[in-house]
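Each structure below appears as structure tokens.
What follows is a pair of complexes built around chain A, which joins chain B in one and chain C in the other.
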Partner chain A sequence: MNVVAKTETGRALGDAFAVVRDRLPGKGKIADQRREAFEAYERLGLPHRRIEDWKYTDLRALMREVLPLAPAPDAAALARAAAAIKLRAIDGVRRLVLVDGAFAPDLSDLGNLDKGLSIRPLRDVLDAGDNALSVQAIATDVSNPMLALNGAMATDGVVIDIANGTVLTQPLHIVHVASGTAPASMFTRSLLRLGRDAGVTLVESYLAGEGAKAYQTHDGLIVAIGDNARLDHVRLVEDSIDAFNISSATVSLGAHAHFNTFGLTSGGHVSRYQLTVTCAGEGSKVETNGVNLINGKQHADTTLFMDHAVPHCASREIFRAVVDDRAHSVFQGRIIVRPDAQKTDAKMMTRALLLSDDAEADNKPELEIFADDVTCGHGATTGALDESLLFYMRARGLPEKEAQALLIQAFVGEAIETIASDALREVAIATAQRWLKARA
Partner chain B sequence: MSLLEVKDLKVRVEEREILHGLSLTVNPGQVHAIMGPNGSGKSTLSHVIAGKPGYEVTGGQILFKGEDLLEMDPNERAAKGVFLAFQYPVEIPGVTTWNFLHAALNAQRKARGEDEISSPAFLKKVREVAKSLNIPQDMLKRGVNVGFSGGEKKRNEILQMALFEPAVCILDEMDSGLDIDALRIAADGVNALRSPERAMVVITHYQRLLNYIVPDVVHVMSKGRVVKSGGKELALELEESGYAQFEDAA
Partner chain C sequence: MPAVQETVERVRRIDVDQYRYGFETQIESDKAPKGLSEDTVRFISAKKNEPAWMLEWRLEAYRRWLTMTEPTWARVDYPKIDYQDIYYYAAPKPKKTLSSIDEIDPEILKTYEKLGIPLREVAILEGVEPPPGGPQTPNRKIAVDAVFDSVSVATTFQKELKAAGVIFMPISEAIREHPELVQKYLGTVVPTSDNYFATLNSAVFSDGSFVYVPPGVRCPMELSTYFRINERNTGQFERTLIIADKGSYVSYLEGCTAPQRDENQLHAAVVELVTLDDAEIKYSTVQNWYPGNSEGKGGIYNFVTKRGDCRGRNSKISWTQVETGSAITWKYPSCILRGDNSSGEFYSIAISNGFQQVDSGTKMIHLGKNTSSRIISKGIAAGKSQNTYRGLVSAHRKATGARNYTACDSLLIGDKCGAHTVPYVEAKNSSATFEHEATTSKISEDVLFYCIQRGLSQEEAVGLVVNGFVKDVLQQLPMEFAVEAQKLISISLEGSVG
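Moving on, here comes the complex of A and B:
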């Protein structure tokens, strides 16, 4: 056994796992998978800076320990969650709510499901016993300790199936709310399976109820997009300023499928979002875009792994970071083009704007190309706001912060523009404006 | 009281003195022209009046309606009624002209304790001004000055001047890069804004502009000082004899 597992942290959580194990949904094979996943986590321990993928986000230093599992929400916690949701409500969506790691049916819209749409809590799926779906749901890449931990501990989530040919006009909105008043961890995992020729928009947001303190969100999303299907995905991280959010999404695309994702992180103390996208079907198209708006001592890491496994696929990444005070933004983007993936067209552009001398932005683009007939490129820039533009704007009467706000909005606008839905683009703009207003 | 009073102004840029004790008094209703060769310090003067960072004022004063302008932020100066039409207007991608002007006008109004102007009222106002300056509507929807020709950029400056209705307008080389038709449109725009309460300081290298905007007073600047002042005939004199005669005086 590795020395790493001997850390205090590993042992404390190991005891915790032994305690909660029987409370976790799923028996038989699922329970075995969980145990294996937990053992993998114990072997590896919390990731640290000497592990290449975690170089800039050393969880041993930043998070130090994984907190025990949050208790199921009581009526008061659900009421606080309802209040938090109301403040960030998005019109016209079907809302699916997870509070403190448990699906909250009373806060969710499960009525009048469209034909071809199925939504079930993960707990029900796991409790139903071993079957292909439940086993897949808890399957885990054990090489990544945080994914392994999520697989071991996941208490609930939503399992969404969209039948072949079903194109939903109403977006689905998974809302993660931390509502417990004592620091604790939530482990959730959701699945979305889009059939052939299907289409949907999925919004995910992370919020805190009043009084939620220093909590940890450990979330996983597993998505399979069928042939010729389309998923639009918008992710908004507005966790409380002392919270941790360690999340991942794993997305695979069938032939001629289209995945458009946009993430905006303005909340949380430390956040890490690991997105793995695989073009598994020819002619698929991926747009992954994102914005970080962070200040104070926030740390926000987006790590993208774009895997071109087959020919004729295209991927585009536009990432913008705005970093103020002593905050630290990380963007790692690895594009791999496998030997068979001829005619791949992959481009990545990341830009960071530093608003203070102590702000930090790390950009690590990597291209690994094993095919010869491809168009690939990446670019990364880091800079400050242009003084000559600021002076021009101030000379027209705009106070400094207002002038900065307009320039910052323009800067992040290039990424926000990629959101396909007008309404959700407005939601993202409003979120950015809230951040700008708070700093003015 | 004079509107703008520059008294014995000394300015350094990066350890080098550029203005060596410049004085200028501008009264309401007047149009002053400042002429001088390249490098004489004309833009430096305009920047210092507008409050651009990076200039060190080592001596003298600038008073606007008797108030110390050098104590104010650039945006405060704008709200009080100081306007600089830039020699090189910048491009601001991603910020529409429309949005920018609305935000700027409201910021000025707010600073003066006035009500904000609503979108419809603003739209109407901008449309009128744009029309008079031959500025097409769709230019207002584009990023500020992005993809504008030289002439369009200068017209956009005049548009802003008309919109903000400042008390003192400083026009830095507004004729540079303009053909004769564009110059005429821009000059008409400026002349339309002349009023007994407002003053203009027209900075130019060439006399040509002064055929269209006729000044009350002409100053010749050389090497960071005003070396001669006179009536509008001084501009014509310069046109014939050039700046060389003043080089020694400076």
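Moving on, here comes the complex of A and C:
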């Protein structure tokens, strides 16, 4: 039942779009695309629990409204952002920083670009006029209201091109920082095109500058992985505890391409990550792994759509949720095997660990199979920490919290271990340990 | 893994074109005027000689239904149903008041004979040998309530059941004879406002079975209802209510068939089960409505609401279903595990072929403490059919110690069909332990290993495990069904897909 009465806030946003429309980058075809996307969003409005995909994440109840666009960061905001980045700096990466929805060249490393690597702010690409690239960057699946809204409102982002055969050793790191002191929305969109036989590691992280309050991050990432190319992707959500993060990533793989992605969500009041992966080339391989570490009243939703469109592809999903206090973890994973996608090998495993009686974990692993010669499976478990293991450790003198921490580490370890890069695995482990420490 | 040739052959044999119950019985019938209005509801109520409270109840449901919209969330696709183009009541024309089974219209008796359903007690009591090659007559006693279109035509073994204190009669009679029981329980598990089809059923249900097993009684025989749609353009709306009082036990079987027709007929039933302290109900269904022809024309729309309420401590409800028929199946037999230590079970084999669409599964709602549930679902899709398992397992805040194990496996035969799994696992209690799995190889590795070690192939071993698992239930079914069901289940389970 997608009957949607227009809400007060819906109207306010409509008016806001009318106001900012002319200031958004891109004219002509881009502007048309934005208008269509916004109309699609308006038809559905903020998704609510009567829409199947949003059953567990009712944005009308959780978010209530989409805040107005954040103003471009001033010097003070940039300084706060710089401080936040410094706290969570990752060594040896090429940093690309987006502050309050705008690319910040002064905080980014754009010097000495490797051969075959091109990085441009999205705003520049869109302002350069209509072309295939700008159309691709702003292209939107309008059936998903939040993705449509992102397409309509995106102000900036990074457009990364990696030429055929270029294998970068230095990871690229896109940092999203919210730095404005007034609650506002940021709409960013980035595009990564990986050529044939190319390879790169992409890190995305979401941070808050000091004083950033109740902001909303709406991010979109579009990735095209060429034949035989490999992308390693690590995503860390460490937004402030009252923030909203509604993000989507759309990834397509060419023949024999390899995509390894890991996401860790420990921040944000309400977060939703919608990942759509399409195996468009035969023999491609996907590993999707994620961990939610949440407590308090946090709500974290990972919605995965794994589309096996062609034969001979393999996908593996490992998802772990650790839920404490009154937090709510959601995992929806849908594997679809199209009629011709024979010899597909897909497996999904999702496990939730409930640490408190008020915690909630909802798992919805789905299989949609239209081909007969496939191996597909999924598993889902929900439970508490094993009492006998806890007792074993406590009998050997470990305090309860420490014993719990050890078991939790082991629980999420299986997912974290899938990160290919040693350095990034350490970063993820450190993030998990910070969460455990804060708990103790 | 693709299906082996033997499996393919077996499934072909049970293909939709092989439907054996497609004949039609020529019999005069008494029908309500076509269409649905308050008058239709009043007509049915008057036909059934119902008390005023029942009519009010129906009318309230009808008014509610007018405000509702048809659900669209299931993975089924069908043209819009014209609810004004259906007869809501059709009954074989009574010749006179019946005093014994011999006075039932011989055409109806013949129909049930053809279906292999014994309505004559004597034949069964004497244990008459079945003719060689003919349908087997079970040598155990089964009390049968035969529902023909909208009315119950015969209920066997009434006397013997009465001696045990068990009430087993058409619900229309129960409304008149045991209003206190009906009023106390009717609509308490599936309220009139529950869903579109259940509400429609509440307004226009014509007959069905009513069972009450008094405290401490173990029902002396199997109870069974056999539903037959015969009339053209009719919908069948039956309502079954089974109450197992404290410490009692009853096993109930349900079977259904319909003639082969080009039109689609609607079957919207409601089944309500209630178990009080320490009681158990075992409910088995072999659903074999006409599935439509090989082009997907005709067949029954089976939109059924089945729900059991484990109201008492230590109570148990077990659903077993073998689904082979219907053009469209929309059915989720559920258990509300309200009593502490109560348990629910759902064993299902859903086979779809031709253009059949199955969207079936269960709901296990854990409310009480230390409740447990078990879901075993096997879906087999062949031809151009779509077979979906949709299940919910949820533990509420106070359901400490809730335990669930779910295994749903699907087998695809041919590349034009689809098998889908949509489980919802919702835990709101940290002591809940839920497991959901969808790989055959994980069904007790030990047992498999044991079998393989003794010379069985992996596939035979899996078949053995699954067969052994459902065998107890199959044996409880009327022989005619059990043989059919056994045939369906013996289909090997290799090439599994979650």
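For this structure, a couple of remarks:
The rule we apply is simple: the second predicted complex is superposed on the first by the 436 of 440 C-alpha atoms of A that agree within 3 Å, B and C clash if a C-alpha of one lies under 4 Å from a C-alpha of the other, contacts with A are read in each partner's own complex, and residues count from 1 in each chain.
Here is the rule we go by: a residue touches a chain if its C-beta (ideal position, glycine included) is under 8 Å from a C-beta of that chain, and two chains touch if they have at least 3 such contacts.
Treat the numbers as computed from the prediction; the structure is a model and nothing was measured.
Overlay on chain A: chain B and chain C fit together in the combined arrangement. Of the two partners chain B and chain C, more residues of chain A are touched by C.
In the superposition on chain A, A:Leu407 makes contact with chain B only, not with chain C. Applying the stated contact rule after C-alpha superposition, one finds that A:Asp357 touches chain C and leaves chain B untouched. Within the superposed three-chain model, A:Asp373 lies in touch with chain C and out of touch with chain B [touch as defined at top].
When the shared chain is aligned, chain B comes close enough to touch A:Arg394, but chain C does not.
After superposing the two complexes on their shared chain, the closest approach between C-alpha atoms of chain B and chain C is 15 Å. Across the superposed pair, chain B and chain C touch chain A at no common residue. Remark: chain C residues 1-3, 69, 72-73, 397, 410, 412-439, 495-498 touch chain A in the complex. Residues 1, 52, 339, 342, 352, 354-384 of chain A are the ones that touch chain C when the two sit in their complex. Against chain B, the residues of chain A that register as touching in their complex are 386-389, 391-400, 402-403, 406-407, 409-411, 413-414.
Within the complex, the chain B residues that touch chain A are 50-53, 73-75, 77-79, 84, 86, 89-90, 92-95, 99-101, 103-105, 107-108, 111, 143, 160, 164.
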